[in-house]
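Shared chain: subunit A. Partners: subunit B in the first complex, subunit C in the second.
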Partner chain A sequence: MLDLDKLRALAKETISRDDIKYLIGWRQGTYGFRTSPHFVGNLEDAEQLIFSPLCSSNLATYLTLAEKRPVPRGAQPDTRRVAIMVKGCDSRAVVQQLVEQGIKRESVYVIGCPCEGIIDRRKLEEKVPHTLERVEARWENGKIILDLPAGRAAFPRDEIVAGKCLTCRYPNPVIADVTVGEDVEVRGSAGFEDINWLEVKNAQERWAFWRDKVNSCIRCYSCRNVCPMCYCAECILDKLNPAWIQRSVNVSENTAFQLARAFHLAGRCIECGECERVCPVEIPLSHLNRKLVKEVSEQFAFTPGIDPEAKPLLAGYRPNDREAFIL
Partner chain B sequence: MKLSKDKLADFLAAIPGKTVFGPQLSGETLRFTPVTRPGNLCPTVNNATVPPKSVVFPQTETMFRFEQGATDIRTAEPSGETVLFGVRPCDARAMSIVDNVFFWDVDDPYYLIRRTNSALVGLACLDPCVNCFCTSMGGGPASTEGLDILLTDLGESYLLEVLTGKGEMLCQSAEKLLSQASSADKEAAKMLQEKAAAQISRQIDPSGIPARLPALWESPIWEKISASCLGCGICTYLCPTCHCFDMQDETEGEESRRYRTWDSCMFSEYTLHASGHNPRPTRRERTRNRINHKFSYFVDKFKVMACVGCGRCINLCPVNIDILDILSQVGEQAL
Partner chain C sequence: MSENFEPNVVAFLCNWCSYAGADLAGTSRIEYPPNLNVIRVMCSGRVNPMFVVNALQQGADGVLVSGCHPGDCHYMEGNFLARRRFALMRELLNFVGVDERRFNMSWVSASEGAKWKDVVTGVVNNLQEAGPFTEFPRKKIDW
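What follows is the complex of A and B.
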């Protein structure tokens, strides 16, 4: 079990260092089961830090999202490091950003947080609706304990964690300058059985499935914006001249958008599942991502976001790469 | 008046020559789509994810078509008459608020035709969600503003409150299906409505907000609030009062069309000038704009706040940016 006092003490020590700009962690949200990204700039902020099964956000997104304001003439740019708390999946995003040179190693200070699985808010709210009071949660002996207004409740982990956690093979951060808590057991298997049910369908059935989902897309771009790997300075979706993908919202353009998004993540998606979590119309985007992860794994025996010294999949070449898919 | 639930399908079928829209599953979530089988309607569960503004102000709407090299344009076919069934009082109120914009200096012809051609059959909220705060914004779970008929679910039947001439017309066509409501029915409905209003636990007094916002223009709260903002369009697209749109041309072969489509002040290319300058360059200015537009600019122009307390932006924000939290920060900040 994680000791919050230790975490906050570590945070205070970290932000007191001369080479740290601020620390990104989580805090309790404004109601119910919500938590919020928390930017710790002083000792007082550090008192609100938490780490619990409710800390869903992948904070690695903020490493590239933070806007750089122009440096005033004569002033030196602030090159101090950003400290960031990462779960296993989040740490893979940091590694993949390093591999792609989206960030520099000397610009981040990684606080690893081994994770036994994050609560899927939709699953939990089905069981416990209408919860306004702020709820705290923790992992305990393979269960998730919630301090609900009606009293303490224990849920079997697999009943309320996100789908991504059921297949997770990297619950322990793959990169960390310091680690909070103990390493946890790896429960996910290396297979892709979770997408079997969709793969066995024929092309028409699959299209019927996806057409229905994609038709409900409102193009809010939350899936793109939350993605720690979507950090292009100018996204293809925002281009107006030429407009590769039209602004009009219909099945055709929505499909083009969703396919472009998924394909731009081939060999890059680290399966944090954030796109699926944030989608307001609940499009099961992880099915699409998992299929690409599977192809990359089977074709090239490659897993992104593990080795900071690796080359990006599409920038690497091995003479024995499989070519069976080339027509 | 009273309508037995088993006669709902007949009631909807009796409406002549109008397309009925109602909350139905689209993918995994509810939105207002044309009703082909009344059995698919989901009027009693939570409010629709996409507000019914999408019927009168579609996300993508063709304005006119034209051909390469030709000088004439073909305007889009005017839309027919519609009935929006199962609209929540907050969303109906939002439409009245948005009317201010589209019928301001010039009547917007596209909105005008859809709006005047639509009748709103509301459904009182009897089980408000945790983030509903309509009662703080001048509405309520049984508010009638903007509605032509208000229904209250009495279990086996709906109590009908006819509010306008449009509402009367709808009932006339289905007169045989309706029965007289007893005073006990009316009393029961009143009790349910009051119970629902009492269930709303999130409250705020927003009356001082419009006066405070201009003084907080340069306040550090905006940077703090927007630090976690992802810059996505959830809060604005799903807001029943947000109404910004962009216009684009799309060409397929020889034919082109000009359409308008929802836009969001949270997007980085919103109000981006051709020069590359953007008056709202970062998430700080964009977040500040969202709040100022709803609670300051709109109030200056139309004397009403552009927020009805439906709670969608709170429910669905990926990072728990909570408009009530923002408003209380605005309220508490030293000026």
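What follows is the complex of A and C.
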């Protein structure tokens, strides 16, 4: 269990430092099970910081989203670091951004938060009625305790955590300057049970499955916007010339979009599952990502977001890479 | 599929090996199926995996990417990089349910006119069996 007072004390100490610009964390949302990102710039704001099973968003996205304003003539650029709270999966996003040189190590200060699993709001709302009251949650002895308006409720962890947390192999941050709380036990396996059921089907059945799913895509691009690895200044989805993917919303363009999104994460996806969480039409996007994670680990024995010194997978090669598919 | 289905194959050939290999097959008067639409690129590493998706969208029934043998690349490592990319793209396409015969990759050097014939014949025969691509071609709108 995590002591919130300790977390807030640490946050205060951190933002009082001269070399910290601001701290990115979570705070209670405006209603119900929501939490929202919290940008802490002063000691008062630090009082609202939380870390609970409801803190689903991956804050690493905000590292690359920050606006880079031109430095006025004669002024010195602001080289202070951004402090960021990360769960296990988020820390892999930070590492992968370091690998790709999207951010610099000396510009972030990582506060690691070992995490026992994040609540999937959709699973929870099947069990608990929707509420406008703010709800607090915490982990306790393998269970998740919720303070609902109707009273306290406890749920077994595995019933309400997100799918990605059931297979999570890195609940403890892989990179951290300072850690809050104690390391937790790793329960996920290295298997790919979540996609094996789909892989064993034949091509027609797989296409029937995906046609159904991509057909409902409304091309809101939330999956791209929330992805910590999608930080290209210029995205092919926004380009009109050449138009890689046309803007019409139909099965052909939607499939091309989903293939492009998944492929651009090949060897980079850190399995935080944010794309799937924010998808308004509930497309199982993480299946596509997990398939590529599986291929990358089987063919190239590579796991993204672990080693900050690694080379990006698709920017290198080994002469003896597998080539059984080549005629 | 019926015997007389003629697949439409888009072939991305690298300038230095496969294009010259196809040229050699032609000058040597080796006969091979005429279903290819050849696009010459400077290197197989130039072929963006999205080209494959795009070709399928725009009416191709199959795609062939061909380059120099590993180690022979004019740019030293272009085909190694392409090999990694397409190994993943091929699995991804297969995973969403595109027949795995629709995407092919081969190494053909400038002196392998005969191999070029074998590759093309194999690809076209496979695609004749697989039939037209119906999964996600762009709808042709006749204004």
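Assume the second predicted complex is superposed on the first by the 322 of 327 C-alpha atoms of A that agree within 3 Å, B and C clash if a C-alpha of one lies under 4 Å from a C-alpha of the other, contacts with A are read in each partner's own complex, and residues count from 1 in each chain.
Note that in this section contacts are C-beta pairs under 8 Å (C-beta built on N, C-alpha and C of every residue); 3 or more make two chains touch, one makes a residue touch a chain.
Treat the numbers as computed from the prediction; the structure is a model and nothing was measured.
Novice: Is A:E67 touching the first partner subunit B, the second partner subunit C, both, or neither of them?
Specialist: first
Novice: Looking at A:I218, would you say it contacts subunit B, subunit C, both, or neither? Reply first, second, both or neither.
Specialist: First partner only, subunit B.
Novice: When the two structures are overlaid on chain A, which partner does A:W244 contact: first (subunit B), second (subunit C), both, or neither?
Specialist: A:W244 sits against subunit C, while subunit B stays out of touch.
Novice: Which partner does A:E323 contact after superposing on A: first (subunit B), second (subunit C), both, neither?
Specialist: A:E323: touches subunit C, not subunit B.
Novice: Is A:N42 contacted by the first partner subunit B, the second partner subunit C, both or neither?
Specialist: Touch status of A:N42: no partner.
Novice: Between subunit B (first) and subunit C (second), which does A:S189 come into contact with in this model arrangement: first, second, both, or neither?
Specialist: The answer is neither, since A:S189 touches no partner chain.
Novice: Could you tell me if A:T79 is touching subunit B, subunit C, both of them or neither one (first, second, both, neither)?
Specialist: neither
Novice: Once the two structures are fitted together, what part of subunit A is touched by subunit B and by subunit C alike?
Specialist: 246, 250
Novice: In the complex of these two chains, what residues of subunit A are touching subunit C?
Specialist: Interface residues on subunit A, with respect to subunit C: 198-199, 203-211, 236, 244, 246, 250-253, 255-256, 258-260, 262-263, 266-267, 288, 291-292, 295-296, 299-300, 313-315, 317-319, 321-323, 325-327.
Novice: What part of subunit B is in contact with subunit A in the complex they form?
Specialist: By the definition above, subunit B touches subunit A via 26-29, 31, 49-50, 59-60, 129-131, 201-202, 224, 227-228, 230-234, 237-238, 246, 248, 250, 259, 261-262, 264, 267-269, 281-283, 314, 316, 318-322, 324-325.
Novice: Show which residues of subunit C lie in contact with subunit A when the two form their complex.
Specialist: These residues of subunit C touch subunit A: 49-50, 53-54, 57, 70-71, 77, 80-81, 83-100, 104-107, 119, 122-123, 135-139.
Novice: Please output the residues of subunit A touching subunit B within their complex, sorted ascending.
Specialist: Touch residues, subunit A against subunit B: 29-32, 34-39, 57, 61-62, 65, 67, 69, 130-132, 212-213, 215-216, 218-222, 224-226, 238, 240, 243, 246-250, 274, 277-278, 280-283.
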